[in-house]
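One structure below.
Chain nomenclature is as follows: A, B, C and D, assigned in order of appearance, with residue numbering initiated at 1 for each chain independently.
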Amino acid sequence: MIRRRVAAEPHQEIGTGRLEAFSDGILAVLITITAFELRSPDGPGFHALGQRLPEVLVYILSFTFLGIYWNNHHHLLRAATRINATVMWANLLLLFWLSLIPVLTEWVARYYRSSWPAASYGIVALASAISFIALMRAIIRADVPNSLVARAIGDDRKGKVSIVLYSAGVGFAFVSPWIAYGCYASVSILWFVPDRRLA
Amino acid sequence: MIRRRVAAEPHQEIGTGRLEAFSDGILAVLITITAFELRSPDGPGFHALGQRLPEVLVYILSFTFLGIYWNNHHHLLRAATRINATVMWANLLLLFWLSLIPVLTEWVARYYRSSWPAASYGIVALASAISFIALMRAIIRADVPNSLVARAIGDDRKGKVSIVLYSAGVGFAFVSPWIAYGCYASVSILWFVPDRRLA
Amino acid sequence: MIRRRVAAEPHQEIGTGRLEAFSDGILAVLITITAFELRSPDGPGFHALGQRLPEVLVYILSFTFLGIYWNNHHHLLRAATRINATVMWANLLLLFWLSLIPVLTEWVARYYRSSWPAASYGIVALASAISFIALMRAIIRADVPNSLVARAIGDDRKGKVSIVLYSAGVGFAFVSPWIAYGCYASVSILWFVPDRRLA
Amino acid sequence: MIRRRVAAEPHQEIGTGRLEAFSDGILAVLITITAFELRSPDGPGFHALGQRLPEVLVYILSFTFLGIYWNNHHHLLRAATRINATVMWANLLLLFWLSLIPVLTEWVARYYRSSWPAASYGIVALASAISFIALMRAIIRADVPNSLVARAIGDDRKGKVSIVLYSAGVGFAFVSPWIAYGCYASVSILWFVPDRRLA
C-alpha cells in the first residue's frame, strides 16, 4: 500500500505491486496448465495408470521448479522498493523462459529416454536461472545504494551452484538423460528451502 | 494489510497474504480447467447430450471438492498469523494433490464403471485430506502457543471422518465404484457447511 | 480494506473480499478458456477463416454474457457488507452454471443450426440468471435490514425480463435456433448497461 | 485504496481497482494460454525441435504484444481516477480483441508462409490499438478536465505510428508475410519502452 502510493508520485520509479500480481498470476496458471497437460490413462486398469508414471514424475519436477520460482520471485520483490524499465524487461524475460516449461514437460514426458528433450529442459532451466540473476541485479541497480536487497543477496552461492548443475545436466543428457534428471532434481532440492537471505 | 507489514519486518516470519493469493489463483484455475476438460457432446441431439451425463456428474463432484478446499483453506489461513518454510512445503504438497483432480476427473468420467479410476480418485482425495491436516498442524506449530487456530480446530472431528470415508471409498471401489462415489459425495456434503471452528 | 478488518472480528459474518477475488479469478479464466476453445482455421486461406465465423459469433455472445456477469457480480458484492454460508452456496452455484458456458459455446459453435445446443445454452443461461437472483436475495437476507443492497435492487425489473427472454429462447430454439440466439443477445444488450441500482 | 473509497461514494463514478484486477487476470491467462498452444515436438530428436522454431518465434511476438498491452494498460489505469460505463465498454472491447491473439498465434504458426494468417494477425493488432486509443479517450472524458491523463498522453505519437505500421503490415502481408511480421515486430520494439507520459 505504502510502496504503491510512494511509487505513484515520482516519475522514475514504479511500485512493485502490479509486477508481483501479474507474475503471480502467470506462475499460478503455468503450474495449473502443466497439470492440465497430464493425459488421463488410456484405459480403465492399473496397467494404464502405471504407464502414466513417467509423466507424473516429470510433472512433479516441473511443479517443484515453478513453485520454487514463485517463492524466490516473491522474496526478491518483497525486498525491492523501486523498479524501472530494465527490471520489467528482465522480469518479462524470466516469465518467457518459465512459460516454456509446460510444453517441455510434455515433450520430456513423451520421450523421457531421449537426450534432446532432457537437454532442452535443462537449457530452459538454465536460461530461467540466468534471467533470475539478471532480474536480481537489475533490482539492485534500480534500488538505493547498499539496499536491503543488495546486502541480503550477498554472494548468491545457490544461484551459482544452480547454473553449474543445470549446465552439467545439459551436457550429461547426451550420456544418459537419467543423470540430467538427477542434476535438475538436485537444484530443486537445493532451492526449495526458502532463501534466508531475503526471508 | 496489517499482517503483511508486520510480517515484512521480523526475519523468521512470513506474511500469509502471498500464500493465500497464490493458492487462490491455483484453486480458481483448477476448477476452471476441470470445466474445460468437459467435452462438448458428439452430435447435435438430445441423445448426444445425455451421453455426457456421467461426465457432468463427476464434474459436479470435483467442482464441490475443490470449492470446499478453497473455502477451508481460506478459513485456515485467515486464522493463521505466522507461517514458515514447513507451512509452505505443506501448502505446496496440498496444491500438488489437488492439481491431480482435473486429470482424474477426466479418467473417472471416461471409465466410471471401473474400479481403478474410482479408487485413484479416492487415493488423491485421501492424500489431499492428509495434506490439509499436515498444513493445519504446521500452521499451529508455526503460530504462537495456544493460538486462535489451535483452539479453534479442537479435535478436528470432520477431518477424521473424511479420512475414514475416503479410505472406505478406496476399498469399496473394488466391490462397486458406485459405493465409492457415494463415500466421496458424503464427505463433500459433510464439509460443505463452512467450518464453524474458524469462521 | 475496512470491510475486511470489520469482518474478521465477529463470528457470524465473513468479509466479501475473498469471495470477490475467487469469483473474479474464475470468471477471468472462464472468459479466456472460452477464447481458447476457438479452433484456428483449417487452412491458410480466406475461405477457411470464413468457416470460423459462426464460432466467432457464438464466442462474442459468451464473452459478453460472462463479462456482464462479472460486472453485475462485482456491483452486487460491493454493495454487500455481510455474507454467510447461504451466500457462499448461492455464489458457488452461480459459478457452477457459468462454468458450463465454455463447453456449451463449443457445442453451439459446432452445431449452430440444431435446436438442442441452442436450447441447452438457454437453459444454462436461465439457471445462471436464477442463481444470480438467489445470490442477491441471500445477500439481502444476510445484510442488515433495509440495507443499501435491498433498497438499491428495488423490484429488479431487468432480472425478471431476462428470465422471460431466456425461457422464450429455450422454447423458440425448437422452432428456429436463430430466434433463440436473438433472445439471448437481447438479454446481453439489456444487461450491458451497468446496473444503476448498485452503481 | 484511496481511489477505491472515494469511488464508492458518488453515484456516477466507479473505482478503477476491479477493472485493473479483472483485466490483469485476463491478460495473464491469455499469455499463458498462448504458451499452452505450443505443441511439443513430434519426435525425440533435434530435427523435431527445429520444426517448432516458427511456432516459437510467433509465440515470442505474441508474448511481447500481450506483455506490452499489460504494461500500457496498467500505466493508463493508474493515471485514471474515474471511470464510467463507456470506459467499461471500451475496456471490454480491448480485451475482446486481445483474446483473439492465442488462436491467431496458432494459425500463423501453422501457416506462416501464407498471406491471410499474417494479415488477420495484423487486423486484430490494429483493432486492439484502436480500442486502446478509444479506451484512452473514454478515460480522459470520464476524468476531470485537464487531468493528469489528458496532459500526460499529449499527442500520442506512438499510438499513431502503431496504427500506420499495423495497417502497412496488413497490406504488405499480401506481398510477403515476412514484411508484415517485420512491421508487427517494429511496433513491439516501439512500445516496449514503458510510456514516459504516464510513468
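We adopt the following convention: a residue touches a chain if its C-beta (ideal position, glycine included) is under 8 Å from a C-beta of that chain, and two chains touch if they have at least 3 such contacts.
Predicted model only: the values in this text are computed from it and were never measured.
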Original post:
Where chain A and chain B touch, do the two copies share over half of their residue numbers, giving same, or under half, giving different?
Top reply: different
Subject >> Separation of mean Cα positions, chain C and chain A [Å, integer] >> reply: 36
Original post:
Quick one: chain C and chain D, Cα centre-to-centre, how many Å?
Top reply: 25
Original post:
Among the residues of chain C, which ones contact at least 2 other chains?
Top reply: 1, 21, 25, 29, 33, 36
Original post:
Graph of touching chains, which shape: line, ring, star, complete, other?
Top reply: ring
Subject >> Residues of chain B defined as touching chain A within the complex >> reply: 1, 5, 8, 11-12, 14, 18, 21-22, 25-26, 29-30, 33, 36-37, 85, 88-89, 92, 95-96, 99-100, 102-104, 106-107, 110-111, 113-117, 120
Original post:
Where on chain D is chain A touching in the complex?
Top reply: 1-2, 20-21, 24-25, 27-29, 31-33, 35-36, 38-41, 43-46, 48-49, 60, 63-64, 67, 70-71, 74, 78, 192-194, 196, 199
